[in-house]
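Here's a structure for you.
Letters are used for the chains, namely A, B, C, D, E and F, taken in the order the chains are written, and counting of residues starts over at 1 for each.
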Amino acid sequence: MRLQLSTWPEVEAYLERSTGIVVPIGSTEQHGPNGLIGTDALCPEAIAWALGERHDILIGPTLSLGMAQHHLAFPGTLSLRPSTLIALLRDTLDSLARHGFTRVLFLNGHGGNIATLKAAFAEVHATRSLAAAPATGAPQPALFNWFLGRRVRELAAELYGDAEGYHATASEVALSWYVAGVEKSATMTPRIAPLGSAECDAETFRRRFPDGRMGSDPSLARREHGARFLEAGVADAWEAWQGLIDEE
Amino acid sequence: MRLQLSTWPEVEAYLERSTGIVVPIGSTEQHGPNGLIGTDALCPEAIAWALGERHDILIGPTLSLGMAQHHLAFPGTLSLRPSTLIALLRDTLDSLARHGFTRVLFLNGHGGNIATLKAAFAEVHATRSLAAAPATGAPQPALFNWFLGRRVRELAAELYGDAEGYHATASEVALSWYVAGVEKSATMTPRIAPLGSAECDAETFRRRFPDGRMGSDPSLARREHGARFLEAGVADAWEAWQGLIDEE
Amino acid sequence: MRLQLSTWPEVEAYLERSTGIVVPIGSTEQHGPNGLIGTDALCPEAIAWALGERHDILIGPTLSLGMAQHHLAFPGTLSLRPSTLIALLRDTLDSLARHGFTRVLFLNGHGGNIATLKAAFAEVHATRSLAAAPATGAPQPALFNWFLGRRVRELAAELYGDAEGYHATASEVALSWYVAGVEKSATMTPRIAPLGSAECDAETFRRRFPDGRMGSDPSLARREHGARFLEAGVADAWEAWQGLIDEE
Amino acid sequence: MRLQLSTWPEVEAYLERSTGIVVPIGSTEQHGPNGLIGTDALCPEAIAWALGERHDILIGPTLSLGMAQHHLAFPGTLSLRPSTLIALLRDTLDSLARHGFTRVLFLNGHGGNIATLKAAFAEVHATRSLAAAPATGAPQPALFNWFLGRRVRELAAELYGDAEGYHATASEVALSWYVAGVEKSATMTPRIAPLGSAECDAETFRRRFPDGRMGSDPSLARREHGARFLEAGVADAWEAWQGLIDEE
Amino acid sequence: MRLQLSTWPEVEAYLERSTGIVVPIGSTEQHGPNGLIGTDALCPEAIAWALGERHDILIGPTLSLGMAQHHLAFPGTLSLRPSTLIALLRDTLDSLARHGFTRVLFLNGHGGNIATLKAAFAEVHATRSLAAAPATGAPQPALFNWFLGRRVRELAAELYGDAEGYHATASEVALSWYVAGVEKSATMTPRIAPLGSAECDAETFRRRFPDGRMGSDPSLARREHGARFLEAGVADAWEAWQGLIDEE
Amino acid sequence: MRLQLSTWPEVEAYLERSTGIVVPIGSTEQHGPNGLIGTDALCPEAIAWALGERHDILIGPTLSLGMAQHHLAFPGTLSLRPSTLIALLRDTLDSLARHGFTRVLFLNGHGGNIATLKAAFAEVHATRSLAAAPATGAPQPALFNWFLGRRVRELAAELYGDAEGYHATASEVALSWYVAGVEKSATMTPRIAPLGSAECDAETFRRRFPDGRMGSDPSLARREHGARFLEAGVADAWEAWQGLIDEE
């Protein structure tokens, strides 16, 4: 059940049977020579939509902008400052709390979002903690990174081995192509991109990773792989969701 | 050409032939008994995508969250505070400036965003103006509200007359249904919703507009009308785009 | 009754008979070759003071700084960033709420303030809306732009026709001269200033409007016109105030 | 020369002969049983206007809102948060820097503003200091508190002795009455108000100072005293201004 | 009793017998040719620790960073912006309020912190004052500047006379050397540093005070003096603490 | 070499031979029945001081306040909001950049700081990345968590096995006792504390972890272990520092 395609009376009815929601969050950033700029949003969105359909879970709108400052030396990348993303997530959680949602799972497609997401959760918690507010009824935000799920990792290892890499990975390229119904071709030079740290500014990042890839060879990606990653991702996310619901 | 479905080398090539971009912006908010919560994002997104395809214009990711505080008494509404939306738009414009975009048209689907969008543009301009920075090269943001376009207004008047209304309008319900491939039915009581001001808090809004509609009878909406609104909207947006490009 | 000239026991007594207040808001910005930099504050201040005297309405201090970033390429202009003006208005409304004021009419003299004023109202509303706070007792801010009042517009059309213009208009120049007891002379070249959009940065604005006027010929202004604009403005504002008080 | 009553070409001409400006800043807050709520703005404004006329100094618009949180338990008081006032002063200084002003003297009428004014100056300096920006050309803000001037203090001691007090003082009540052309009467019980610290919240302040006065007996104030305080204040301010101009 | 060396059950027990706490606050900034960069933190920390031991007062962690923007042209200086320091102090006070502390004395070692500390207290008070929150139970922050204590000032006058100065003073150099067990030697040229205002940016400050000292000759400092300043400082602080506890 | 105990000419000399600095960062938060509230600051501080002495590295002041909102239901805990900590770290990095430092290693003692530290680094990078500023000369912040070092982890496993735990661990209790020269005794019930997630608000945390420990039995801690952890920590940190210096 997608929030964007529902009416408010339908959401009111949903809240009678569940107070949980899944919100896909991604980024708009370069993904190497053959990866889509929307990769990090397209992947968790597709997994979330399938998850929502199969298990009657409400899926919020995809948050397409993330923390991607290190990719800004590549055309097309858009980035929020961490402080902006924290404010955006705070307002989203405040809005959901208003309606009685108590479980909010952010289904994340971008490693660079993780620190800011956690800082945002802490910012929201801090408001309650400093005010000695009772915990009852407050939404408990949680994070699941689809690309770190067990089944997804196993499938990537099986299909690409070491060529999976860390950014513009073969797996995410495959999944986003499948979902978007597109395919891009590009020569990878070197075949496997260099390794290194992404915790730097945009100029440094581009110097370290000249075509935007980190440790990957996404020329191995195939759209048909995408279908398998989608299945693996939905199974991983469903497991995460059940863990969240069972907690306490 | 959609940014989300492009690679960075494709964006680099686009920037050789144009430094303009269109960014759809909407809201996630109640739209009455039969309107979709995503209406305000779905409509400008569909118009933008068609515009981009027909005229080779780059279309950015849809910004799905807007300023919708007055709708928060209806389940499912998510709202950014104006200050958060200003920060988000500032970061988006800063990112686009980084790549050399000089024309940014926000294709807006939500009346409640207008004041904040203009304040955000002024916030970005103020940084330059206070620093006495030269205007050359800075992105000039502009705003086009699809629901105020001439052709769209004429079509709505022709199809619905006074029952078009001001929120959860028949026209936007028709266009979003068409785009999303859904249709919802609900009885409208009263047939035409009350009129009044939306510049108030959420409780007051719900007291004034009990089912969320403002002055409209969206039971008149038909999916096939949506196809016509799409055409009208694309023509209106194309006119706005050309005006923007011609300016100076 | 002017707040600045009252004691707190007098305000306490006023609150027994009314919980409404009018706050003039303007800007400190260039107004062309013969217009005063304080025009936008002087005009609504004079109207508010007369309104307050005739109808026993409390008039708050004039907020002289507004959002005027586009005028910063002309010496003497002072501008608040929109985010600053939002904070200022929030604190003002919070202060008024503390004392039990429930109706706050901002009598505005500057078109460039409108978007930020509306964003500020929404920022204040959002705090309540996100917290699901009851609407009772909260101040309802409202906006009235004296230069858009019916009687004022009719008088300007009668006196100046198309030469009234959009910034450094003949009507505001006349009213401010009358109120301040001054008069300035300057040659207008061209007689009627160019038209265009003011939604840009300061350098662009000055390039578009070399002497600061937009579409006007303020050499037509006469101090004696000012007296008539004052009367028209007070009548328009009184109508707006009554509408506000009647609302709900 | 008052900025509000000047045209931009006049300011441009002024900048040829001087790059200094005086900005009156006050507060909108209770001043005891017979003191005006606008006292803290009216006093420095009157001194600044006279100073400007006699010595050809440009006088900016009066900033009427200050940091008055401790007075909020008395009806009519409006207060900015310190963080808001810092932003307002930063934008004002940034605007003045834009035009080439290098000396900005804030002529202050409210003790409660002092800490925040100094913090604001430091906030503006910090931007330059952290960026290792050259000091040349940046505006040097300075502060002069008219109520602490030597001549003013001597006159207050002569006229009122210990009954001058610390808030709602006899001297400021006299000056503001003179300037505003009003006079209020009220019985003072006790004759001299209690002493104590004002660095507390509003409820505590009102408990300590039940009618709003601190250590004063403003029933001693006379309008004719006001004329003498104005002269003393202008002489003190002129001395402060000359010191500022001579510095370095 | 030092908070850093206590367990939470020990703090819980302390709160049974007292709800007061002392928090040392300093700065990390140049202190001339022979003064330590940590001087402003080391001095109040040592006084606070001794105070806490002798009188069973809980001593919080030393806040080592202060508002030192004017010293940034000297290597090693670290400065918080005033707005950052305000946020830090607000969070500290909010945390202490959470546990039931009602008296918080900041034992300050840096003149440049005073304005920002007072602004921060007002920021915290304003939240309560604007909300009309009852004063009961809220922490009352207070400030004591050890270098302005009566006994300390007398001792400095006795030992150094006019060579004590205003920054990198002989007294603070002596106390910090004693506390840190170090001693530095440097030639002072001129023997007594120039006088002037420190309310300026970093470049201006260094131009005015080339080696960082203001009006002092810290070559007179001796470690054995430090022991006497410590005693004087503890006695002064104890007096301040008792005044705070007695208040109301 | 400790910054706090150095003079500015000594820092100037240091910068001739190195542009790196280590800044210890901790937290002020409960550490179970026998752990010190200052544990997270004391441990990295001691390691940093030893590291600095042995290898001539400049050590900045210890940042004692961290992100500890989840511990606020235990008396004595102080927490910064993530947004405040981000501002504090930004100002610290801006200050260091001013002096020419290019390598800043935060030696961290608190797991709860990690996300906010990374968000803060990204906030600083984003300023450069959005401005397309050249990377040359900007400080590269890096993070080393002493409790995750290889040697430290091995020693903890050897000494405590599974009883080491995740908060109020035996290893950090031992090291802080050793460093502070104290020892506390308390009965642990149950002997090994429960496991679970700390990403929640304060009330929830205390419900999950009633005495503040997470998975640990710190009654196993011994001061003499602390000496060994110090050695292990210094060796781990030295390795991290060398990796940082070698990078690029």
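Assume contacts are C-beta pairs under 8 Å (C-beta built on N, C-alpha and C of every residue); 3 or more make two chains touch, one makes a residue touch a chain.
This is a predicted model, so every value here is computed, not measured.
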Review point. How many hops, at fewest, get you from chain C to chain D via touching chains?
Key: 1
Study note, to complete from the structure: Via touching chains, chain A connects to chain D in a minimum step count of 2
Revision key, fill the gap. Between chain E and chain F, the Cα-mean centres are separated in Å by 24
Check your understanding: Between chain D and chain F, what is the separation of their C-alpha centroids in Å?
Key -> 46
Revision key, fill the gap. Distance between the CA centroids of chain A and chain F (whole Å) is 29
Exercise for review: Could you check chain A for residues that touch two or more other chains and list them?
Suggested key: 72, 79, 81, 83, 91, 95, 98, 129-130, 132
Review point. Using the touch rule from the top of the page, what pairs of chains touch, sorted by label?
Key: A-B, A-C, A-E, A-F, B-C, B-D, B-F, C-D, C-E, D-E, D-F, E-F
Study note, to complete from the structure: chain B residues touching chain D in their complex are 129-132
**Study point:** Residues of chain F touching chain A in the complex
**Key:** 67, 69-70, 72-73, 79, 81-83, 86, 112, 114-123, 125-126, 128-130, 132-135, 138, 140, 142, 197, 199-204, 207, 247
Exercise for review: Note which residues of chain B are touching chain F in the complex, please.
Suggested key: 91, 94-95, 98
Practice item. Name, in rising order, each residue of chain C that touches chain D in their complex. Key: 2-9, 11-12, 15, 28, 30-38, 41-42, 60-65, 72, 74-81, 83-84, 87-88, 90-92, 95-96, 98-100, 180, 182, 184, 186, 212
